[in-house]
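The same chain A turns up in both complexes below, where it pairs with chain B and then with chain C.
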Partner chain A sequence: MQLELGKIKIEDIQFAAETKVFDSTLFINQEELLEIIGEDSRITNINLDIVHPGDSVRIIPVKDVIEPRVKVKGPGGVFPGFISSEEMVGSGRTHVLKGAAVVTTGEIVGFQEGIIDMSGPGAEYTPFSRFHNLVVDCDVKENIKQHEHEEILRMVGLKTASYLGKAAKDVEPDELETYEHKPFVEAAADYPSLPKVGYVYMLQSQGLLHDTYVYGVDAKEILPTLMSPTEIMDGAILSGNCVSACDKNATYVHQNNPVIEELYKYHGEKYNFMGVIITNENVTLADKERSSNFTAKLAEMLGLDAAVVSEEGFGNPDADLIMNSKKLAAKGIKTVLITDEYAGRDGASQSLADADPSADAVVTAGNANEVITLPPMEKVIGHQNFADVIAGGFDGSLEADGSISVEIQAITGSTNELGFNNLTARIY
Partner chain B sequence: MVKEIERAGIPVVHVATVVPISMTVGANRIVPAVAIPHPLGQPDLGETEEKQLRKDIVEKALIALQTDINEQTVFSDDKE
Partner chain C sequence: MLEGKKTAILGDRDGIPGPDMSNKLKIVHYLNQFFGQIGGEDKAGIPPRREDGPIGPGAALNNSLGEDAEIVNTIICGDTFFNENLEESKSEIKKMLKAINPDLLIAGPAFNAGRYGVACGTVAEIAKTELGIDVVSGIYPENPGYEMFKQYAYFVETSDSAAGMRSAIPDMIKIVKSYIDKNGELGSPEEEGYMPRGIRKNIFAEERGAARAIKMMLKKLEGEDFETEYPMPVFDRVDPVDPIKDMPKTKVALVTSGGIVPKGNPDHIESSSASKYGEYSLEGVMDLDEENYETAHGGYDPVCANKDADRVLPVDVMRDLEKEGVIGELHNKFYTTVGNGTSVANAKAYAQEIAENLLADGVQAVILTST
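Let's turn to the complex of A and B:
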């Protein structure tokens, strides 16, 4: 399975009469886009805004961030199970509008959504301030249930990204990267002297708006399974997740998983990257036990010597993380865990809800409880009154002048557990 | 909270879904719950069955409270 990723650099976005990419600028026909994404009769209004790095703009509450991509050659299309058919993806050629993103917002859910500041101190905490973002602010009819509201916004985001991605179809990419994933027997034979390394990709699946989708299937309904890393680059895994903004994986982060990119980087040199095991984080003990058992079993069947395990979210998923660590270690498979910390505002409390001596190599993406004051912005897109109630916010978070004091938990992607963020901790 | 109440000399049963976390934090008497969003409920069941389930868990917790133990103990209906 071989995927070519053609990256087209985007340095500006503008509204125009025709949707196209020209000279590193993405032009968007607003009316045409609105017609496509506004077709759901439950939607009452959509506002589109273009924001750039350095703008005095705050987006709140942010639901998802998505990268526009398009399938150019080969089977299937982007976001299988939602936008495209259930055809397997991850081979052929996909074009990417690198530097552009779709950000969805609205009066969604009301808690556990995030903040993106495009400038100031907050911008340094969110990885999404460095992109040219098309912000889709979507209102729905009254009396729409929260889970339905989530679904409407999720589809609006995917449709927007898919529409924009199509503009990249016939554009010559600035960069072309090739990623290959061979059948396991061949892959193992390629580098017999190198350690076989796999990636255990834990997906948020607690339900009640904590959901991730795989080829259109709710991840809480899967048994852990094997995937080619290239499938993930075509949007096979996407976010329906409204949990704490700092450490949920936005769809953009699934599409650009840094763990996968890094594992490819030294594949064949330092280790043999065998593939990805996806697993979930469900809410019953039996599910947690079963999924971690399957994860360890699949790792053993692949003959892995070591695995990188990434968590999504925090709290009870810490138990899934530790179960994966223990059970992989019991099979003689070395692990490195990637997580973040809820160590209190002073950093002195226990960082995770669970622990085990097998977890002896852990990378942290930062302490989500740290407090920051975000100065007022000239423009607010969305609804800043949510500052007091989003996770990481508290009563009085929003000051009269528009500044916001929050835990960095409230900032989208600030402690992302795939390393798609700007924070970590090092021992000197 | 479990540990602090016990420190004051009052025995505690921790009804918890994620038993391993309960073990890690050091609860002594643990009764497994149904699921994190609904520890003592089960929305899939009918009203009567769910009430019975709740009663069963609470009764099990009361029995656990009266049981002498020498180590951390999980009071579950273990599958074989």
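Let's turn to the complex of A and C:
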């Protein structure tokens, strides 16, 4: 499988009469877009806003962030299983509007939705302040139940990103990157003297607001399975997921999985990157045992010498992380885990809900309990009044002047456990 | 509703303004009877006393600090008195510190003197958690005072005996000076020269996490030394208690970390990282219904729990068992908090208080439900 990612630099977004990309600017025909995404009769209102890095803008509560893309060559299409068919992706050519993103917001669905500040101290913690964002603020009918509410907002986000992506179809990319993944037997034969490494990609699957989709399948329904890294780079996995804002993997992060990008860097030179094992984080012990057993077995079948394991969420999934660590280690596979920490606001507590001596190589994305004060912004998109109840907020988080004191777990993407950011924690 | 322990929810200087660095830094020095120049073991029984200015090793400290800072008072307490009259010593010393209101506390150095080390650590804990005063101290790493109280003070490493005073004093002065220069925001242990406090602090690394992970994996693969970013902790193990022999005579309570609360969450228990727990009456409650109960928990799918909170806190089934005589009675209160993202230290503090309340109410067994 060979995938070409054609990256088109976007340095500005503007509303205009026609949706197109010209001179690194994405122009959007608002009416046309609203017609497409507003067709669901359960939606009562949609507002669109464009925000840029450095703007005095706060978006709250954020549900998902998505990168606009389009398939230009080869099988399949964007967001398989939802927008496109179940055709396999990961080969051919896909165009990406690099620097642009779709952010969905609206009335709160659950507790675990986040904040994106486009400037100020909060902007340093969220990776999404660096993009030109089209914010879709979507309201639904009052009697809509939570599961449906989440689904409506998810689809609005995907439809928006897919509509915008189409503007990139005939644009010459500024950069063209090629990634290849060969059939396992061939891949193993390519570099027989190099150690074989893999990636264990844990997908959040605990339930409402804690779901991840693989080709449209809820990840809690899967047995761990093998995937080509190019499939993931081509959008086979997406978020239905609002686990604590800080460490959920927004769809954008799945599309741009940094572990996969980094693993490709030394592939063929220092190791042989064999592929990706996706697994889930279900809530029952039987599921946890089965999935971690299955994961270790697949790693053994691939003949892996080492693996990077990334977690999503915290607490309950710490148990899955540690089971994976133990069982991979028992097969003689050297592992590095990526997690984040809940060490208390003072940083003095134990950081994970589970631990094991096999977990001797851990990368941390920071302590999510650390408190930050976000100054007031000139403009708030969404609903600021939820600051007290979202995960990471507390009674009195929102001050009268519009400033918000919260744990950084309320900031979207701040402690991402795919290692998307530079934030980390150390012993002081 | 009961508030969580204040110490457990305090962040660094939570709500307390940092030291005023525009004037001379006001320092209090804590010493035992020996270094306080009162006497040896025969004087170890003296209660806390407050003296003006620096005493003993304080003189050398004070001289080196020059114009930037001044030891305004010295508090001296006998090691035996301190450890045998712990509560009295603590409250007396707290009173003194409150009256002086210093910007910084220096304690010791204690070297390898066990009782003195614990006293320095205890005083540091009071200063830091109850008064928001930062503490600089010196101690031998194997002194139990370090392990017990390391999070409350910047301890410099000293030798095991007072013969090491000559190097301990300049090391402590270095920390105090840096503390003044950096407005109270000290850097990492390696940068500043204090022993790790076991406090996790966020920093921005040069490379993103994924790049650091691949580099760590390469080192592990090649058998090179690597440093984990999070050393695994050792967890407490709780031994199971003996089985209950006479259930029909047992008073059972329900306690949950699943966040079940009266509708509207009257005490605003947080959806994650709970800073408190709730105590609510079950008097006359036979069944938890949708109109009156819900979950405040933000870490699981709340739809089923909100529809029927008995699924998390099984009051209905317990009432059946009560009626059938399987259990003696259901305790007329339940305790609840949100386990989601709540630190171990907070959880432990709530559990201790809840257990004390349950014992006081004559409860003999608890069903603890989690989610």
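Going forward, the second predicted complex is superposed on the first by the 422 of 428 C-alpha atoms of A that agree within 3 Å, B and C clash if a C-alpha of one lies under 4 Å from a C-alpha of the other, contacts with A are read in each partner's own complex, and residues count from 1 in each chain.
We take it that a contact is a pair of C-beta atoms (placed from the backbone, for glycine too) under 8 Å apart; a residue touches a chain by one contact, two chains touch by 3 or more.
All of these numbers come straight from a predicted model, not from anything done at the bench.
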Worksheet item: In the superposed arrangement, which partner chain does A:318 touch: chain B (first), chain C (second), both, or neither?
Response: first
Worksheet entry | First (chain B), second (chain C), both or neither touched by A:387 | neither
Discussion item. Just to be sure I read the superposition right, which of the two partners does A:96 touch: chain B = first, chain C = second, or both, or neither?
Written reply: neither
Practice prompt. Based on the superposed arrangement, let me know which partner A:355 touches: chain B (first), chain C (second), both, or neither?
Written response: both
Practice prompt. Once the structures are superposed on A, label A:207 by its partner contacts, choosing first (chain B), second (chain C), both or neither.
Written response: both
Discussion item. Applying the document's definition of touch, where does A:285 land relative to chain B and chain C: first, second, both, or neither?
Written reply: first
Worksheet item: Both chain B and chain C touch chain A; at which residues?
Response: 206-208, 283, 316, 355-356
Response to the item:
The chain B residues in contact with chain A across the complex are 17-21, 24, 32, 34-37
Response to the item:
The answer for chain C against chain A in the complex is residues 8-12, 14, 151, 186, 188-189, 196-214, 216-218, 220-221, 226, 228-235, 268, 270-273, 275, 297-303, 339-346
Worksheet item: Once bound in the complex, which stretches of chain A touch chain B?
Response: 206-208, 283-285, 288, 316, 318-319, 322-323, 353-356
Item to complete: Flag every residue of chain A that touches chain C in the complex, lowest number first.
Response: 110-112, 124, 145-147, 195, 197, 206-210, 243-244, 258-259, 261-263, 265-266, 270-271, 283, 305-308, 314-316, 334, 336, 338-339, 341-352, 355-357, 359-371, 388-395, 407-409, 416-428
